[in-house]
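Written below as structure tokens is the structure these notes are about.
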Amino acid sequence: MSEFEPKIVAFVCNWCTYAGADLTGTSRIKYSANVRIVRFPCTGRIDYMLLTKAFASGADGIIVSGCHPNDCHYTSGNFYARRRWMVFKKICDFMGIDTRRIVFSWVSAAEGGKWAEIVNSTNEEIKKLGPYESYHKLSTQDILA
Amino acid sequence: MEIINKLIDKSSLSALIERLNTSGKQVYAPVTKNGLCDFAKVESVQEIDFDSIATIQSAKSLVFPKVEKLLSYEKTYDDVIVKEVDLTKIPEVIAFAGRPCDAAGFIPLNAIFTSDSVDQIFKTRLDKLSIISISCKKADDFCFCTSVNGSPSNTSGSDILLTEISETTYYAEIITEKGKAILDAYADLFKDSAVVDKTPFVAKIDKQFSTEIINEKLKTLFESDIWDHQAMRCVGCGACAFVCPACGCFDIQDETKGKDGVRHRCWDSCGFKIFTMHTSGHNPREKQAQRWRQRIFHKFSYQPEQQQEFGCVGCGRCSRACPSDMNIAEHLKAIAVK
Amino acid sequence: MNMEKNTIYSPYKMKIEKITEEAPFVKTFRLKFINDEDAENFSFRTGQFGEYSIFGEGETTFCIASSPTRKGYIECTFRQAGRVTKALANLDEGDIIGFRGPYGNIFPIDEWKGKNLVFIAGGIALPPMRSVIWNCLDLRENFKDITIIYGARSVADLVYKNELKEWEGRSDVNIVTTVDPGGETPEWTGKIGFVPTVLSEIAPSSENTIAIVCGPPIMIKFTFPVLEKLGFTDENVYTTLENRMKCGFGKCGRCNVGKVFVCKDGPVFSLKQLKELPAEY
Amino acid sequence: MEEIKKIAKELLAENKVQLIVGFEKGSANKVRPAFFTKPEEIDQLIYNEYCIHNIALYLKKDICQKANNLAIIANPNVVRSILQLASENQIAEEKIKIIGISFEGKCVGLLDFKAAEEFSKTQPKGIKPEDKALIEKIQAMPLEERFNYWVEAFSPCIKCYACRASCPMCYCGKCNVETNNPQWIPVAPHKYGNLEWHMMRAMHLAGRCINCGECNRSCPVNIPLNILSYMLSDFILDEFDSEAGMNAVFTPALSVYTSVDKENFIK
């Protein structure tokens, strides 16, 4: 049997993390290919339900990443996002959704190396956790049955 | 078919349930869990709650589940493979220990799904359903079956009706061929009986109005202000329709996961604003009062005219479930004297 | 019609053979059955509709806009508005969609033999009319004068522009097109004004005449009184309704108006029948 | 009780309000929301310990929207809802007269928003001890068990949307669940659809819920929805010191931020 390759979805902001991820590439830093990047205007735009949608569509892990505090292109989008993540993380915890599979990070446009680290470490962590079977079963197999 | 009169000991019910189960039939009966009494799959008689006046939800989900697959599909590069539901996989089900109103509810529901064109999924489910009901010993303030042509010991809709006539015995009326098939299969559990007058053994429920009067009154009440008045406190949820044994409205929804998907049917309610809303935003029933009126008219005027069945069996579930205490019997009484 | 189908919810598979852009956000699909047997067994009559589905998005209701006299295909015309129509609009020729139908009643064109016909349509409501117009034109000898009054918000919004031209060129059709004031272009040679106004200007005789009306609620509302003034009796005025629908055969409940289901007992109603219904359409 | 009636009667008799939202006797031993427009109707008005419906809900319904001014029989939950609605610009102070009633059933007379704020703060908060115990029980469960608990708890949901319909804070003209382009929350009441719906709803109420428990009360299948919202409210109070339903001028926790919000969970 081949090794489990996690599916990781990264929701990133256009101005910092996406540019950061670009830098990772142009700097020729190699990082895990398990990540699929979805670009957003701002972390403030990332609806928390998108995260559950990602799990429902087969993701095993999620990265949400944007500009460092005070660096937001729109001044405060990441501040609103930060609060929302706290509350969302709380409700996920309470409802038994595995928050170890959701990684939040700040990665600036200059932090190509950090992006690679985040992706790699998340990948390792998710590999340890295995596929997110309980959620996939609920959201996919049960429905199609 | 002429009704066959039998007796069955309470102590035999346990064997009946077990043997129905071992014969491969699924037995559903009222079960109380976390303070809620609803139909659930049972394997032994101990699980069954014989005391509840009525389950929260009706037995309709046995033939018309809250969500049900109509078809599934698989998308390929340039084609779609449509897979129809396999009707042969629909199981044989026994609805056990429901009330006569539960059984009666299948009649208007059947009228909706099989008149003009036959909904094969519904029909197969109903064909494979046998209904063993138990007459009501108790009733509460919300029961009004006698006002809508039913009664606590009404046989219509049931295949077998049991009536508790002593501490140990049920009087069993075998009403239909399906009922007779059960009798024949488990004949050893039944004893012969003469016709028993059920009246002393069942609840007394006063008749508050008649369906004929309601039907007659509605002819002139469409524009009445009574609808505004009655619907004032309606919050516009769908609880009444979803717990109703006779409400059959539904929605059709697709859900796709990757290349596979299903087309679902799920319950819907005329009480929701978006039920009739056009894409353009135009809504033929804009106000909650109009939607409440539709509910009453459909049950007591339209459906009798279209399908010769009244869409209400008087179980009172809608009134019990309503968060703002819209009591349908009370409202109907008001219509009857309007 | 769905004889060999397992359930009444199973659609036919259809291939989009041709897409015509009619107006901004309005497209016409010509659909062909993938299965030849389905094509052979399928028949419909003018006025009927179907449920068109994109697997994954859901079903949507349109009338069949082609005439039953044109065999081998069906056509539908729709404006991109909701979830399914948006998805439909993104499809290409050769793509596959589902189709259930035909459902509903018909325009009683057999009863109209030997009569004059006046078609009055507004905006995107010409498609249901187009089926019956072509049906009548293909059986032209059965009818006397045929008049078409069609209006839209602007010149761009007129649908079936080629066919409008074709009808204009025919000596046996009297066609009047109009656009709402402000919707005209410098080249516009048709009338300018709302449909009811244009109708009262033209004032077709109600003598031995059937009027078929279809349009947005506001147009319908102002057209009926004009027809009444012209002497049309309620029995001689027809319209086709389109309520929100899901199932197409009178079960899902949402198109229920009074004792009828628009999908099963309609969509075609005479004004006489319409007046007996509560105004919930 | 008599005092409430007296105030209500006077308000109507002196034409100070056109409508009073209160309670009347309901079917069986229930009470129900009721609307009074004439002084003589006030004899039907009742108030007792069963009057727990959050009738602030009706402030956003046609009947109250049509009235130029109105009064409402308001227990602390209703008062808190009104304050929260006011903070969201959904109701104007000059339009509404609040007849305040404490949780013990004591009438405190007419309240303006300022008095209502005081009243709201002095009244007890929180949920029933058994609900609190349930929260603790769930929090103590291992992850997978917690997940299964909620999946099972939501599984009887029939999506009648009584929770939404009876919630004063759920006043959106078009609910997120009705957004279908794309279909955001599954319409079907299967386990997954139910989980997403209740999660979405809890998140939309986070920082706005005043914990009246109406969602739980109106649920025909008794899903403990109130503990979801309460758990979040509790968290938000701890974390951001923000509490809905206490002030008429207020920005919910998720609509503001501070530069010192916790971020130890962010890499």
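To keep things simple, chains are lettered A, B, C and D as they appear, and every chain counts its residues starting from 1.
What we mean here is this: a contact is a pair of C-beta atoms (placed from the backbone, for glycine too) under 8 Å apart; a residue touches a chain by one contact, two chains touch by 3 or more.
Source: prediction; values computed, not measured.
Between A-B and B-D, which chain pair shares more contacting C-beta pairs?
B-D
Can you check how far apart chain A and chain B are, centre to centre, with Cα atoms defining each centre and the answer in Å?
That gives a centre separation of 47 Å.
When the centre of a chain is set as the mean of its C-alpha atoms, what distance in Å lies between chain A and chain D?
Chain centres of chain A and chain D, defined by C-alpha means, are spaced 34 Å apart.
Counting only Cα atoms for the centres, state how far chain B is from chain C in Å.
Going by mean C-alpha positions, chain B sits 39 Å from chain C.
What residues in chain A touch two or more of the other chains?
56, 139, 143, in rising order.
Give me the residues of chain D that touch two or more other chains.
Correct list: 183, 188, 190.
Going through chain C residue by residue, note those that touch at least 2 other chains and give them in order.
82 - these are the residues of chain C that touch more than one other chain.
Could you tell me which shape the graph of touching chains takes: line, ring, star, complete or other?
other
Show which residues of chain D lie in contact with chain A when the two form their complex.
Residues 138-139, 141, 143-151, 184-185, 188, 190-192, 195-196, 199-200, 202-203, 206-207, 228, 231-232, 235-236, 239-240, 253-259, 261-263, 265-267 of chain D touch chain A in their complex.
In the complex of these two chains, what residues of chain C are touching chain B?
Interface residues on chain C, with respect to chain B: 5-11, 13, 53-59, 81-82, 85, 94, 96, 98, 217, 242-244, 246-247, 249-259, 261, 264, 278-281.
Once bound in the complex, which stretches of chain B touch chain C?
70-71, 73, 75, 78-80, 82, 84-85, 87, 112-113, 116-121, 222, 248-254, 256, 261, 263, 265, 268, 270, 275-280, 282, 284-285, 290, 294, 297-298, 301-302, 305-306
Show me the residue ranges of chain B that touch chain D in the complex, using the header's touch definition.
Those in contact with chain D are residues 34-36, 38, 56-57, 66-67, 140-142, 232-233, 235-239, 241-243, 251, 253, 255, 264, 266-267, 269, 272, 274, 287-288, 319, 321, 323-325, 327, 329-330.
Taking the complex as given, what residues does chain A use to touch chain D?
By the definition above, chain A touches chain D via 48-49, 52, 56, 69-70, 76, 79-80, 82-91, 94-98, 103-106, 118, 134-135, 138-139, 142-143.
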